[in-house]
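As C-alpha cells, here come the structures.
Presented sequentially are two complexes of chain A, the first with chain B as partner and the second with chain C.
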Partner chain A sequence: MEDSAPPILELRHFGYTYLEGTPRASEAIRDASFEIRRGERVGIVGATQSGKSTIVDSFAHLLRVKPGQVFYEGRDIAEPGYDRARLRREVGIVFQRPDSQIIEDVVGADVAFGPTAAGLSAAETRERVEESLNTLGLPYPEYRLRYVHALSGGQRRRVAIAGVLAMRTPVLVLDEPMAGLDPRGRRELLELLFRLQDERDLTLIVCSASLTDASLLCDRFVVLDGGTVVMDGPVREVLREVDRLAKLDITLPEPVIGARELRKLFPDFPTDLLTEDELEAEIVKRIGAA
Partner chain B sequence: MIEIEGVSFSYRTGEEDAVPALSELDLRVEPGRFVAIIGHNGSGKSTLVKLLTAIQYPTGGTIRIDGVPVDEENQWEVRRKVSVVFQDPDDQLVMNRVEDDVAFGPENLGLPREEIAQRVESSLGALGLREIRGRLIEDLSSGQKQRVAIAGALAMRPRFLILDEPTSLLPVPVAMRLVATIRDLNRRENMGVLHVTHSMHEASLFDRVVVMEAGRKILDGTPAEVFRHVERLRKVGLDVPLAASLAYRLRARGIHLEGDILDETDLRAALSAVRSGPQA
Partner chain C sequence: MLELQRNVIFGQYVDTGSFIHRMDARIKLVITFVFVVASFLIGDFIGFGIVLLLLALIQIVSRIPVGFILRGSQFFLAFLLFILVFQVLFYPGEASNYLWRWWILSVSTEGLYTAGILGLRVIFLYHVTTMLMLTTSLVDLTNGLELIFAPLQRLRLPVNELVLVFVIAIKFVPIFIEEIERLARAQTARGVPFDQGGAVTRARRIGRLLVPIFISGFTRADTLTTAMNTRSYRGGRGRTKFRLMEARPSDWAVLALVLAWMIVAWLV
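On to the complex of A and B.
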C-alpha cells in the first residue's frame, strides 16, 4: 500500500558544516537523505561525533539550514516565512543536555512552560504537568515546588523529559534520553514511550550512541558514521550485520553482545535479539532445560 | 585512607524544606582501591562526591582523608588529596587548549614551573593525549574531552580520583577504554579510585561495589557478592549485569551453572561446561 501523504520529516541531500567558510570549518553531516513517515519509530544511531545531534538541531531550527534539504510535512523549513511556531508546537525535542532546555527555576513552572506557551488553559496545563511528573517518577505534590538546580542529575533529566511530554506533540525527538537515568528510570521511560505509541499515533525519533534501548523502541535504524548514512533498515536486519556494527564504536544491545559471545560456542546462534527473554530462549533451545 | 563515619547531610538544614541526602553513612576506602558506587537517581552519590571534595560539609559525623578531617579549615589540603571528574567534561574544562587545561590545576597550586611542566607531560602521556596537546578543546570528541578532564585531575597527583558518571555520555566501547586507562593508573600510581556509574556491567569491572539507596549504604562487597542480590537490587531501582541476570534465570530453571557469572565470557564458559558435561 502506497502512502500518498508526504513524509512527516524528510532530509534530502542534507549537509551541514559548522563554521563554514572559516579555517576551523568542520563538516558534520554529508549528503544525508532519508524520510520518516507518520507513526514510524526511527533510531538515528552512530558513534559520538557522527552527526546525530546536528540532525536534531536541524529539525529544531537551530541551524542555518540551506533551502531544499529539510522538510516537515512536505514543506521546506528553510523557506522564507516558514511557520516555525507550528514546528515547535508539533515537534517536541528532548535535547542531549537537559540543562539547556530548563527554562524556569521551579519544577512545576518549568514543566508548565510549554503547555502554557501553546495556549492551554490553566486547568488543562496543571493536569498535564501533574501527569508528566508522576509518570516520570517525580510525584507532583513532592516535586512541583522544588528548584530544578537543587535536584540530582538524573532528576533534572526527568524534568526536561516531562516538560516535552507535557506538550503532547505528535512528533517526539529524544537525543540520548537514557543518559544519566538509573535502571528503573530507563525501564519506566521505555514503558511510558511504548504506552504513548499505543495511545496516540506518535512519530518517534530516538538519537543515541546506544542501540540497547533504541532497538526496543524503534522499528528502523538509520546508522550514521562520520556524518554519512551507512545503513538504513528494519532494526533486526541491521542487527544481523553485527560485525559491521561492532566496528562503529557504538553500544550494541546487551542481548546482541551476549549472542555474539555465545556464537563462539554455538556457531548458529542468531544475533538479531532484542530482549533478555529472546536470548534466554535461544540458550534453552541449545542446551535444553535441565 | 578515606574514613567516613556516621555521616549525614541535608541540603538546606534547619529550613522547613530541608532535603536529607545522606544518613549515617559509614565507608572506608584504603589507598589504591578500585571502587564503583551505584545507586538510584537521587540516592546521594553526587552528594557524597561533594563531601569528599570539601564542596559541602557533613551536617553530622566525620570524614577524614589520610587522617586529615574534611572541614573548612582543611579544604585546600583535602582538594590536593582528592581530585574529581564529573559527567559532563564541558562543565569542568576551563582553558581553550588541551595542555593549558591540564596545567590549570597545578598552576593554581603555585608549584614551580619545572614541576608543572613535568606533571602536565606525564598526565598527557598517561591519557594518550600528547598528540593532541595543542588542539582546541571545543574541537574534541566527548571521549577525548573526558580524557582531558581526567588528565587535569591527575596532574594534581591525588591520592584518590573520584569520577562522577564520567561514562554516561559515552558509548560502551569508549567507556571500556576509559575504565581500562583508569585501572592502569590505579595500579601504576597506587591511586585510589571511586567511580560512580549507572552501568551495572561497568560496576562489575571494579574490585568493590558500594550500593546506595536513599542516602544509605545498603550493600558493599565484591561484584560477585553484590550482584548475587538480584531481587534486592531491582527493588531499589537498580539491576544486575545481563549475564548475571541470565545465569539467575537459567539456574531457576534448574540448569546448573558453575562459578560466578558477571559477564558474557563467564556465561559462555559455564554453558560450555554444561554442554560437554552430562550427555557425555
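On to the complex of A and C.
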C-alpha cells in the first residue's frame, strides 16, 4: 500500500541554470532524478557548489522550476495554477543562514509569522509559538519578547527552526543545520530532531557537506557531485563505497575514517560504521580472530 | 520568482575576454570621459545617429549580448520614460507649436524635440558607463582611476581612498542585489509571496527587506574594514603596483577613433 502512493517529493531529470540566457549563466544542477517517500529521512550530501541548496530551493518552488521536473505528492509544482502558497506551508525549509529567514524583530512575533500568514486563529498561533519555542529550548515566557538581533548565532538558528516548526509542515528541510553550532548546540539539535521524528510523522531532509551528523540522522543518502547525483542508497550502502566518497570533498564520519585506515591492515574491513561503538566492536572482533 | 540580477545589471562585470575587456583601463576611462563631454555637445538627431553607430560597434566588439543589457536596463528605461513624459507635458513652448493643450499641460513639437534629445543623451551616458563597468574588472577600474588622478595627490588630496570608496560603492550594488534576492527567497519560503500579487503589493513587500539589507550592509562594511586592516591597508602612500598597466598602440588607436568619431558627430 505504501508503495502505491506517490512519493512526497520527486525530481525527474531536474536541471537548473542560474541567470539562464545571460552571459553570467552558471549551471548548478544537471539531470538529477530521485524520489523521497513520506516519512523517509534523507541526507542530501555533497561538497560546496555541488547543488544542494539549489535542490532545496526547488522543493518549495523558490526558483523558476520548469514543468515536468519537480513533483510534490505526485503533482507537478510548475504546472499553471498550482497552489504555491500551500506548497510552502507543507515544505518547511531552514536555510543555511538563519538571519535571512527571520522576518520580525521580536522572537515571538517571528515564530508567529508563518501560522498567522497561514490564517490560523490567534489562540492556536499562540499555542504553536509557545510549543515551538519550548521545544527548541527557548522558554516561551523568557524569550517571547526578546529582540532577535540581540541573540547569539546559535539562538537565532533555533528561532529560525522554531518559525518553521510552528508551521507543522509534513516535510522539514534543513540546509547545513549544524554549521556554526558548538558541540553542545549540535548535540541538542540532534536530540531535538530525533525527538521530532518520533513524535511526528515527519519527512526529514538534511543537506550537508559533512556525513557525520547526516549519518546519524538519516536512513538514506543522495550524494551530489558537480550538479549530478552520483550515489543514492541506504546510509550503510553508501558508506561501503568509502573510496568513492573520499574523492568528493565530503567530511566523512570519524568511525568511517578510522575504518578506512584499518583497511590497510585488514583489506576487507567494513566501512559502513555509524558509531564509535560499532568501530570498536569490529576491532575487537578482528583482534579476537587474529 | 524574483530574479533581480537579471533585471538590474548595474555594476556587474561580465568577462567575455573581448578586445575591449583587454584594453588599458585608463584609456577606457578617458574614452568614457570623451563620451560624456560629447553627449553634452551633440544636440541634434543626426549627431546622435552617428553616435549610435559607434555604440553598436562597441557592443558587437564587446561580445556582450544586447538582450542582456536591454533586459538589465528595463527599470532604468521605465524610469526614464516616466521622466520624459513629464518633460513633454510641462514644457513651456511657443503657442503656435501646440499639438494638444489642457490646463497647464501641453504637448508641443518643441517639447517633444527637447525631450527626445534629453532622452538620447541620458541613454547614451547610461550605455557608455554600463559598458565601462561590464568590461572592466574591479581591480582594473581602481588602478586606472588611481593612476589617472595620481597627480592630484600632490595637492594632498587622498586620491586612493576616494577612488576606493567610489569603486566599492559601485561594486556593492550587485552584491546587495544578490542579497535582496536571497532574503526574498527565504521570506517566500516562510509564506511572504513575493512572486504573487500586483505591482503595488510587490513593492510594499520589498520594503520589508530594507531593514535586514541595511543590517547586512553594515556588517559587510565592518567585515571589509577588518579585512583591509588585517592586510595592513593604509591608503596609497608608498604603495607599488604588482601589475603595471601598459597602453598598447591599438588602445591609443581606439581613443583616436572615438575622438574623431565624436568630433564628426558634433560638427555635422
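As a convention for this text, the second predicted complex is superposed on the first by the 272 of 290 C-alpha atoms of A that agree within 3 Å, B and C clash if a C-alpha of one lies under 4 Å from a C-alpha of the other, contacts with A are read in each partner's own complex, and residues count from 1 in each chain.
Methods note: a contact is a pair of C-beta atoms (placed from the backbone, for glycine too) under 8 Å apart; a residue touches a chain by one contact, two chains touch by 3 or more.
Everything numeric here is computed off the predicted structure, so don't read it as measured data.
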Simultaneous placement of chain C and chain B on chain A, clash or fit: clash
Chain C versus chain B, contacts on chain A by residue: B
Contacts of A:I93 with chain B and chain C, given as first, second, both or neither: second
Partner chain(s) touched by A:L252 [first = chain B, second = chain C, both, neither]: first
Contacts of A:L62 with chain B and chain C, given as first, second, both or neither: second
Chain B versus chain C as contact partner of A:G163, first or second or both or neither: second
First, second, both or neither for A:A118, with chain B first and chain C second: second
Which of chain B and chain C A:R24 touches, first, second, both or neither: both
Touching partner for A:A281 - first (chain B), second (chain C), both, neither: neither
When the two complexes are fitted on chain A, the stretch of chain B hitting chain C, from 25-33, 133-141, 151-159 or 187-195: 151-159
Chain B and chain C contact sites that coincide on chain A, given as residue numbers: 24
Interface residues, chain C side, partner chain A - complex: 1, 3, 5-6, 12, 14, 16, 64-65, 67-68, 71, 182-183, 185-193, 195-196, 208, 212, 215-216
Complex contact set, residues of chain A against chain B: 24, 26, 47-49, 96-97, 137, 145, 150-155, 158, 176, 179-185, 209-210, 249-252, 254-255, 257-258, 260-262, 264-265, 276, 279-280, 283-284, 286-287, 289-290
Residues of chain A that touch chain C when the two form their complex: 19, 21-24, 57, 60-64, 84-85, 88-89, 92-93, 95, 99-103, 113-114, 117-118, 149, 163-164, 167
Parts of chain B lying in touch with chain A, wherever the complex brings them together: 11, 17, 19, 39-42, 46, 87-88, 136, 139, 141-143, 165, 168-174, 198, 200-201, 234, 237-239, 242-243, 245-246, 249-250, 253-256, 264-265, 267-268, 271-272, 274-275
